[in-house]
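Here the chain labels run A, B, C and D in written order, and each chain numbers its own residues starting at 1.
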Amino acid sequence: MFAKGAEFMKKIINDPKNVVAEMVDGMVRAYPQYVQQIPETFALIRSNQDSMKGKVGVVSGGGSGHEPTHAGFVGQGMLSAAVAGQVFTSPTPDQIYRAIKAVDQGKGVFLVVKNYSGDVMNFDMAKDLAEMDGIKVKSVVVDDDIAVENSLYTQGRRGVAGTVLMHKILGAAADQGASLTELKKIAQAVLPKLKTIAVALSAATVPEVGKPGFELADDQIEYGVGIHSEPGYRREKIKPAKALATELLTKIDHELKLDSNKQYALLVNGMGATPLMEQYIFTHNVLDLLAEENIKPAFVKVGNFMTSLDMAGISITLLELADAAWLKALNYPVETIAW
Amino acid sequence: MFAKGAEFMKKIINDPKNVVAEMVDGMVRAYPQYVQQIPETFALIRSNQDSMKGKVGVVSGGGSGHEPTHAGFVGQGMLSAAVAGQVFTSPTPDQIYRAIKAVDQGKGVFLVVKNYSGDVMNFDMAKDLAEMDGIKVKSVVVDDDIAVENSLYTQGRRGVAGTVLMHKILGAAADQGASLTELKKIAQAVLPKLKTIAVALSAATVPEVGKPGFELADDQIEYGVGIHSEPGYRREKIKPAKALATELLTKIDHELKLDSNKQYALLVNGMGATPLMEQYIFTHNVLDLLAEENIKPAFVKVGNFMTSLDMAGISITLLELADAAWLKALNYPVETIAW
Amino acid sequence: MKLTLEKYLSWINEFSQKVIDKKDYLSDLDSKIGDGDHGNNLARGVTAVQQMLTAKQPQDLTAALKLTAMALISKVGGAAGPLYGTAFLEMAKTSSQTTELAELLTAATAGLQKRGQAKAGDKTMVDVWLPVTAALKNADLTSTVIEKAVASTKPLVAKRGRASYLGERSIGHLDPGAVSSGYLFEALLVAEDEK
Amino acid sequence: MKLTLEKYLSWINEFSQKVIDKKDYLSDLDSKIGDGDHGNNLARGVTAVQQMLTAKQPQDLTAALKLTAMALISKVGGAAGPLYGTAFLEMAKTSSQTTELAELLTAATAGLQKRGQAKAGDKTMVDVWLPVTAALKNADLTSTVIEKAVASTKPLVAKRGRASYLGERSIGHLDPGAVSSGYLFEALLVAEDEK
C-alpha cells in the first residue's frame, strides 16, 4: 500500500504497523461464534468455553502471516487458544502466558511450538511464568520441514504446514479427555512421522518491510523455502507441476521410506497466493505419483492452511499413520473457522 | 509455466490444455467422501447420493477458475452437482444435461446460473434437453454484481460472489424438502436483496492465454472488476483498506439502502491471490463502517469462495435478510469441501 | 447457390484452418473487450469438428451439418459454443428441405438471434451474419461485404456478451465473434472458388 | 566501571536512538540471512522502553533495568525479544548485589547463552557479548573491540537462529543481532564519554 523507497507494496492494508491488531479485530468480529480475544492481547480463545471444561488445554501460536493458522484452528475438537505475534515474529511470553492461564482447567496446558529460536524461547519463558503459577505445562516443538539438514549442532528443522495436522490430532485427543502426559506421548509419536517440504514461486512481502523476502526471476522457483521466505536448497527454472511433485515427494520418500503396506495422510498446502486450481492440479500429480508406489492416502486435505502472506508456492506434508487413532483424530469433528 | 511469446506464466500446472481435467481429477481423488465425477464429464455430483432422495436437485456450474466454486459447494445441504467448464468458459449443454439427469429424483432440478451470455445460453440449452426427457427444470440467473449499470437493453449485471450465498440458501431449502416452485420463489426473493462489488489489485492469467486479462500499474487498482477480469468502473492509485471499503460500501448502500432496522449477511471474498490477513483487515474496516450506521451483520463469512484464478483483489457481498429463514439457511449444517 | 456435402466439407475445413491459424489473434481481440478466450474456445471447437467429421464420415449434408453443430455445442462452451452450435443446427434442420445457402443462413441467423437475443448493432457476430445473409440472397456476397460487416462492429457500443460490461469503452474495438464469423464467410468464398 | 542510574539512562537512550536510526539497515541485514524484521522488532522494543521509562520514572538502576527487560520481552517478540530481554533481566537481578558493569554483563551473557543455547562462533549476538564482556573485565573496551567482534560474524556459518537454515550460504553476511549488539555497546561508550 505505501511506497517505500523504490519499491511499492500493493496490499489491502492500512498502516503496516497495525496489520496484526486490525486482522485480529476482523477475525473475532467476523466469527464471534468461534473465537474471542483475550483483552489487551492478540491471543484468541475458544468462544465455546464450556467445551474446554475438565480437559487439557491445547495452545498454539507464532508469528502472524500464516492465516488461517493459528486462530483459524481454535474451537471445539482442536485448539483451545492461539497467540498471534507480529508478522513472522514470535509472540511474546506475557501474551502466551495469558493464553495458558485463560485455558487452564486444572488439567494442565499443552503447547504446540514451531521450531524457530524465537518461538522456542518465548514459549519457554511463558511456560516458566505459568509453572510459577502452579499450572502444569508440557509442549512439543514441531520440526516437520525436511528442507534443511537436521543436526544437533544447529537450530534443527523448521516447523511448517505439518503443524496443522499436529494441532488436529492433539486437539481431538484432548477433546476426548487425554491427559497432559498422554498428549505429550502422542505428540512425540507423531513428530518423527510428520514431514513437509515446499516449493516457492515468489516470496512474501512483510508489510513493515515493504519488499519481498527474496527475489526470484520471472521463470525461477525455489525448492525448500520456509514459511518466512527463508531460502531453500535449490533454485531452478520452473517446471511442470508433475516435475515439482516428483522433486518434493522424492525428498519425503527419502525421509519416511514410503511403503505401500503403511497408511498415510496427505496435506497439500497453498502458501497464500496460489490458486486452488493449481493446488488441485498439483494434488492430482502427487496422488498419481503415490499411486505408482501403490499408495493411496487414507486422508487428504488441500487448501491454504499454513500460508506465508502473499507468497506463491505449495507444500506437501505426509504423515505416516503409525497409529490408527491418528486417522480417527484427523476425521474427528471440529468447530473451527478454517479446518 | 510455459513461456509464451515475451510473456512468462508462473503457474503450478502441466499442459494449459489439461488444467480443468487435472484439477477435477485432483479434487475428486482428494475428497471422495464429498464428490464424484459423472463419467466422461467435468460434472461433479454428491457422493452421498442418499441425501438427495426425494428432494429437488440443485445444480450450479460455470467456467473453471473460481475454485472452490462450484464443486467445493457440492454436498448435503448445499448443491447436488456442479458442472465445470473450461477456464472462464461456460460448460457445454451436454454436460449440464448429464448433471441434471444424474441428480433428478422425480422432484425436478433447480439451476443456479450466473448472468453471462455463455452460461445463460448453455444452461438454457441443457434445460431444453432435460425437459425433452420429462424432467422439470427451473432456474435463477444471479446478477449480484452492481459494478455495471443495469439495463433491459444490455446483458445486464454479472453473477459473482453472491452466488455462493444463493447456493447456500437454496441448498438448505432443498434439503428441507422445498419444492421446485418454492425454490424458484426463494431465489426470486433473494435476488434483489443480494449485491456484490469488487476491487482488483491485479488481473487473472488464464493458463491458455498466458498473460493477465488487463494490466494495472504497480500502484493502481481497479474498482468494479468482474470475476473474469472484465474491466471495472474506475482505476486509481491504491488507497488504504479503509478507503477501499468505503468506496465499495457506498456503492452497495446506494443499491440496498442500508438500514439499521434490517438484518444483513456479509461475505468478504478473496479473489485468489489475496492473503487472509488482508481479507481480515478489510473485514475489520467494513464492520467498522457498518457499525457507524448501527449495522452489525447477523452473519459474516470471510475467505476465498468465488475466486478468479490468481487475481489479487477482494469483494463485498451484502444480502439483506428480508426473510428470517434465510439466516437459518445460511447457518444450516452442510457437508461440503469448502463452505 | 446450393450447398453440397463436398462444398460444405471444404468450407468447414477452410474455416477450421483459419481459426487455428488465428487463434491467438482472436483471443487477443477478446481480451480487449471480453475475457480473452474466443480463439481458444473456437479452436477447441473446430478441432473437435474435424475429428468428428473424420471419424463419422457423414454421407449427406444434413448429417455433416448436424455433426458440426454437435461438436461445437459440446466442445466450445462459453457464448460462442451455443451460438455457432445453434447456427449449424438450424442449417442442419433446414437442409432437409432445401440446400439453398441463402435459406440455410437465414435459418441460422434467426436461430442465432433467438438464442442470444442480440439485434443488429449490438456489436456481436449477428452484425456479420445479418448482412452476409442479405448479400447471399442477392447473390452478391463478396470479401468487401464481409470486411465491411466485420469492420462495422468497431465503432459500436456492445450491448450483448461480456463486452457489454465495458459500455462506452467497447468502442474502437472489433468484436471477436464478428471477426471469427468473418473468417467463416471468407472460407465460404474460398470454398466456392475452388469448385 | 560502575553503572549508575543516570549513566544507564543515557546509555539506553543512546542505544534506542541508534536502533531507530538504523532500523531499515538492521532489517536489510536480517533479510539477507533471516526474515528481514530485526530492525522493526528492535525498534518496536526500544520505543516501548522509552515509553516505559518516561511513564514509570524508575528511581534506581535495578528498577530501570527491569523495566527495560519487561518492555523488551513484551514488545519485541521473535528471537531478539527473549534474548535482549533475558540479558537485561539478568543485569537487573545482579544489580541488587553489584553495579560493576563487567559483572552485570557477565550475568547477562550467561543468561543469553542459557536462553538461546548459542556458543561462541555460532554467528549470533553472543559473538559480540562474549568479547565485549571480556574486554570490560580488563577495562579495555574500545570501539575497535566492538567493531572487530561484530565483523567477526561475517565469515562464520550460522548455527543458531533463522540464519542457520542457510548453512554455508550464511557466510559473508554480518549477523543482524551482532550488529544491533554492537550498537548497544557503542552507545555505552558514548554514554561514558558524556560523563
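The working rule: a residue touches a chain if its C-beta (ideal position, glycine included) is under 8 Å from a C-beta of that chain, and two chains touch if they have at least 3 such contacts.
Which chain is which protein? Per UniProt: C, D = phosphoenolpyruvate--glycerone phosphotransferase.
Everything numeric in this text was worked out from a predicted model, so none of it was measured.
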{"item": "Centroid-based (C-alpha) most distant chain relative to chain C", "value": "D"}
{"item": "Geometric centre distance via CA averages, chain C-chain A, whole Å", "value": "53"}
{"item": "Separation of chain B from chain C, taking each centre as the mean of its C-alpha atoms, in whole Å", "value": "30"}
{"item": "Length of the line joining the C-alpha centres of chain C and chain D, rounded to whole Å", "value": "75"}
{"item": "Chain A and chain B, separation of their C-alpha mean positions in angstrom", "value": "28"}
{"item": "Residue numbers of chain A (touch at least two other chains)", "value": "87"}
{"item": "Chain-level touch network, classified as line, ring, star, complete or other", "value": "line"}
{"item": "Interchain contacts (touch definition) - all pairs", "value": "A-B, A-D, B-C"}
{"item": "Residues of chain A that touch chain B when the two form their complex", "value": "1, 3, 8, 10-15, 19, 22-27, 29-31, 64-65, 67-68, 72, 87, 201-202, 218-219, 221, 238-242, 244, 268, 272-285, 287, 300-302, 304, 307, 309-310, 312, 314"}
{"item": "Parts of chain A lying in touch with chain D, wherever the complex brings them together", "value": "63, 85-95, 116-118, 121-122, 124-125, 147-149, 153-155, 158, 206, 208-209, 213-214, 226, 228-231"}
{"item": "Parts of chain D lying in touch with chain A, wherever the complex brings them together", "value": "27, 31, 34-37, 40-41, 44, 73-83, 85-86, 115-116, 159-162, 164-167, 169"}
